[in-house]
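What follows is subunit A paired twice: with subunit B in the first complex and subunit C in the second.
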Partner chain A sequence: MPAKVLSPQSGGWLSSRHRRGFTNTVAAYAFLLPALIGVFVFRLYPIALSLVKSLFQTSFVRGTTFVGLENYRVLLEDPVFWQSLKVTLLLNLAINPIQIVISLAVALLVNRQGHIVRIYRTIIMLPMGVSLAIACTLWRIMLDPNNGLVNSILNAIGMASQPFLTSPSQALWSIILIASWKGIAYWMMFFLSGLQEIPDELYEASTIDGATHAQQIWYVTLPLLRRVALFVTVAVTSANFLMFVPMFMLTLGGPNMSTNTLMYEAYVSGFVYFDEARGMAITSVILLILLIVVLFEFRLLKED
Partner chain B sequence: MQKQVRTILQRVAWHFACICMAVFTLVPFLWAASSSFKPLSRVFADLVPFSFKTFIPMPPTLEAYVALFTETGYPRGLLNTAYVAVTVVVFGVLLNSMAGFAFAKLDFPGKRLLFTLTIVSFMIPFEAISIPLYSIINRFGWLNSFKAVIVPGIANGLTIFLFRQFFAGIPTELIEAATIDGASKLRIYSTIFLPLSKPAIVSASLLLFVGQWEAFLWPLLVANAPETRLIQVALSYINTQYATYWNQIFAGAVIAGIIPLIIILPLQRYYVKGISSTGIKG
Partner chain C sequence: MKKKIAVSIVLAILLHLMAGLAFGTELNIIRTSGDDWIAPLYDKFTEETGIKLNINAIPHREMIQAIEVMMRSGSSDVDIIHVDSPLTASYAVRGFLLPLDPYFDIENSGWTEAGIAAGSWDGKLYSAPFETSTQVMFYNKTLFDQAGLEYPPMDVEQRWTWEQVAEAAKKIKAATGKWGLAWQQINRPYQLLPLPQSLGGGSGVGPDGLAVDGYLNNEAWVKAFQFYYDCFNTWEISPKGITVDEVWDNFTAGNIGMIVAGTWSIPSAEEARASTGLDYGLAPHPYFEGGVPVTPTGSWHWGINAKSKNIEAAVKFIEFMTLREDIIDWRFKTGGQLVPHEAMFEIIKNDPNYQQFPLDIYHVAVYELANTAVVRPVTPGFVEWEDITIKAFEDIRNGTDPKTALDNAVRRLEPLMRRYK
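And then the complex of A and B:
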């Protein structure tokens, strides 16, 4: 060790600095390469292949021809597209704040030690590992308008039965309920892990300064949770913009297109009507909107 | 005195909030669990009118569990998924944390672009890439092997982003100090950053594990042979036999839902340091 420190630096200050810059770059790429190869091969390359298809039109007469943005122009004149866009934005304006705020609040609630809180925490974590498909299967029976558990409970306490997934005004909210049942438990875990990163000393210091619990959360916890909050916000937004299973399993976009999100419309176009170009055009619209929203979220929660 | 009243009120409010949330998460689970101990004929019969029988099987029977484990592909699916998920977690935590480290603490040309592409990679609807991805896997000759589900699952943009966010919170001075001491980047990553990031590692494992645990479309497309079938696909096959064995589906769902929980519960110490340990009463 001492020998290393004492060994003369070869070359001047500048060249050694350059060399270090070069080694740093090599080191950085060595760290990145294994994961980025996977991301490129299994995610970015296939989506690039797919997006190109949205610029082509396939017909029996002329085969596949390049049509530029024609598929997008057709989309803009399609009322079904605008309805789906409306549903997508409505769904996301509701579900993202609900899931983020409640999972953060619950994480703050159960982030303490003790026997009772351990029991609460375990119960609240229950849906975490339940797949959305299974959650949908469970909730379909529970929300059944005639023989469902929820209506059965509502009747038992003297309330009227609700139509839930079969009503145009309640279907979207029922999906929000189902997705949040799993989502809140799941995302809470990430907030909880973020809370562990906050040093105890900061809480101790602010207690000595006479801060109340609420003040501590506002001035100590939340600012330091920003990085993890950005992760959860972006992850929740992406997951919900791409949400597909509940529409596929429960509503098929109905009733009256009230749950016909862009994601579901893209699936119907591509896989039911075999209009792959339209499906991919819608997919790129989803990707574009999602990018804009996430960019805004990055700005909003920017690290100092 | 007034302060005491306030403390008690706060305590009551805290319990109330916890109980509300717990009821919301527990009721569907409890109902599914109790239904899994019922014979098929009682599953729906007990729903209306609402009574204690809705939640308590009278008498309980293990019929559904016995059938699930002896007559269906479920146990095989369970083992297959455990193997796939654990492999993905081990390699995924390693590779994605390395990339996250580079994005958080190293400087290199093209950083912004590569990070943006990483973010974009988890905004892609899987349904949209399933067809081209299928032909890639087909070209590799991986169809109906575990490789088809494991390898594309390891590199994960969301997990890279997760690690990046946690690593960014570790002071850069630690790197500078260690570099002066002659430590290589690899050494800094493995002896400083990883040990300081246990909550992040647990979270990333959860992300990767649950991702594999609940995967349905992709395993259905590329690994649908009976020997490689994964848990969600195996569950869906209970549905498509001569009748729908709801009690078996519930049994399968309860087991599938509880296993991630059993794994995460012992890890709670990395999750909950608890504010109360610092002497602050809630």
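And then the complex of A and C:
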């Protein structure tokens, strides 16, 4: 009997192959299942829920009623929403290129052998070990406008003290600094592993062809880093669009709403002002913007 | 043999469960963190009643949000919550709290009238008065001496005006380089409301408990917060950038000339005197020239979750904490926080320790409670109101024009308050 099943001429062989294919598919999905459940429960379901809830409004007196797109209409007329949108876009226009370029540059610098480099690499990666909440607290102490470390250094080199987190014109940049201090180390790791995957032969060949170091980076390294760069770009963008901890811990969206991002505004609406619907509407807007930006990034960095 | 082991395991589990049933009443409590000195009372309560307490201590602002999330989800996991007294209305309106009238003989409880009023909404008591508060002015004698200044008198009839305070603060700043003036809760309405109220500006909310335009941004408010603005920005006598949690420590470290702070800080100031030689004095809360003296008040109450399954035990806990005279005695003498109960007034009147510095300031405290204390606004939207006013105060502190900041706060608050109409 087994011979018949395995015979290449018989239909049994084909069905067996199909069956094996089918079994493999089932097995693959079975292995994926825990992750898929996670994606559904922690990602898709909350997204769907927030979309639905953004269509309702709750009054403490009248209860919950369906209002359609009313929450979105109110948002569009709300100066606080526009201010938060402006801050969010400004933050992302600045922080994403800064983090990507610097982490790539640092990865290129430490992508070589040797003890000293290894020590540097460790030092650069140290911020990764500090949670963002603790990093914020440390930086708040260092950026203290009265007697913080940073101002002491500025004074020592003859510069005036800066207000940093207490000034509407500097607070957002201070947050960019803090988030990047931690973020760059993290994203650098991905670039570094991407760099180490590039075969040495390619560099050798280009050396024989007479390429300079700069030309090697431009013609060999960067094209081969494209996939990693795409991942890092998309991940950096979504991480920064959803950034929340520094606003929550350091500025509460101030001074003068200068750090009031959409994410923070959504949190405040939902958890401080009990306006769940407005919070949900804002998160849906963030999602939409993020989707557009990420699609754009995909097109830009897509491999031909 | 195996059977014996199995039987004994089952028996052990059963016994354990029975023990749980017989002695295992547990109360889950959410309270604000920071007053760890009170912990021995929890142990004493468990010792006396066998009721176990699971205490969840969370920093003030985060606790308010944690309570919101839990209570709105209809959870019965929490039995007792620490209620910031002005939040009583907000919780009561939304059915979070159990009315306490059936469980306590309120008339003969000994709780002060002000305490009962602060814990009541719509004629019912929802939160039991546990603590109340007043503020006085602490000043650093060393810095005063260095600036060649006379000390402010402790007499309520001769209390300093804010104008006098600011002048002294400028001199301290000039002579010592230290900060002249600070407020303990440097950007919170609890602490700052007496500024506009001293000028007749009201509590920041209209009589209906919901209107804010014309109440949070009227002329007296703008004038009062112009003074606050000047302290940080024009005269630079008050510190920017430091948080509520850090201000007081700057006073005990000798970096601040005058600080308006709660009487609950006296134990900490005494500690600093013993350890670092902090030489400090006390004076009544200042007021504006041409205005009236107004002081902050209100503090923590205890409330029972309307959905709690351990009401009887929860009532026992509240009785123990707020009505037992030996407990009140220990609490007041250890923590320094005012107790809204008759028993405290007896201690201040009769205990010899309270007739000399620094505890004699409690006579001022009693005067303030009776004559100048004004509660924070009674509104179901207090959480939103407080959050947005804090942000406005913080913006003013950081250099925003007071009128602009207060108008912005009104614009943000109006749609939020409308939801309660």
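Just so it is clear, the second predicted complex is superposed on the first by the 268 of 304 C-alpha atoms of A that agree within 3 Å, B and C clash if a C-alpha of one lies under 4 Å from a C-alpha of the other, contacts with A are read in each partner's own complex, and residues count from 1 in each chain.
Definition applied: a residue touches a chain if its C-beta (ideal position, glycine included) is under 8 Å from a C-beta of that chain, and two chains touch if they have at least 3 such contacts.
Remember, predicted model here, so these are calculated numbers, not experimental data.
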Using the overlay on subunit A, decide if subunit B and subunit C clash or can fit next to each other.
-> fit
Touched partner set for A:196, first subunit B, second subunit C, both or neither | first
Look at A:301 in the shared chain and tell me whether it touches subunit B only, subunit C only, both, or neither; answer first, second, both or neither.
-> neither
Which of subunit B and subunit C A:145 touches, first, second, both or neither | second
Looking at the overlay, what does A:89 touch: subunit B (first), subunit C (second), both, or neither?
-> neither
Based on the superposed arrangement, let me know which partner A:249 touches: subunit B (first), subunit C (second), both, or neither?
-> neither
Taking the C-alpha centre of subunit A as the vertex, compute the angle to the C-alpha centres of subunit B and subunit C, in steps of 10 degrees.
-> 80
Among the partners subunit B and subunit C, which is in contact with a greater number of residues of subunit A?
-> B
When the two complexes are placed on top of each other via chain A, what is the minimal CA separation of subunit B and subunit C in Å?
-> 5
Considering each complex separately, which residues of subunit A are in contact with subunit B in the first and with subunit C in the second?
-> 271
In the complex of these two chains, what residues of subunit A are touching subunit C?
-> 58-61, 74, 79-80, 144-146, 163, 165-168, 252-256, 268, 271-275
Where on subunit A does subunit B make contact in their complex?
-> 1, 4-5, 24-25, 27-29, 31-32, 34-47, 49-50, 105-106, 109-114, 117-118, 120-135, 137-139, 141-142, 147-149, 152-153, 155-156, 181, 184-186, 189-190, 192-197, 200, 203-204, 207, 213, 216, 227-228, 230-231, 234-235, 238, 241-242, 244, 263, 266-267, 270-271, 279-280, 283, 286-287, 290-291, 294, 303
If you look only at subunit B, which of its residues touch subunit A in the complex?
-> 10, 14, 17-19, 21-22, 24-29, 31-32, 44, 47-50, 54, 95-96, 98-99, 101-103, 106-109, 111, 114, 117-129, 131-133, 136, 151-152, 154-158, 160-162, 165-166, 168-169, 182, 184-186, 189, 199-200, 202-203, 206, 210, 213-214, 216, 232, 235-236, 246, 249-250, 253, 256-261, 264-265, 268, 270-280, 282
Which residues of subunit C touch subunit A in the complex?
-> 65, 68-69, 72, 93-94, 239-242, 380, 383-384, 387, 390-391, 394-395, 397-400, 405, 411-412, 415-416, 419-421
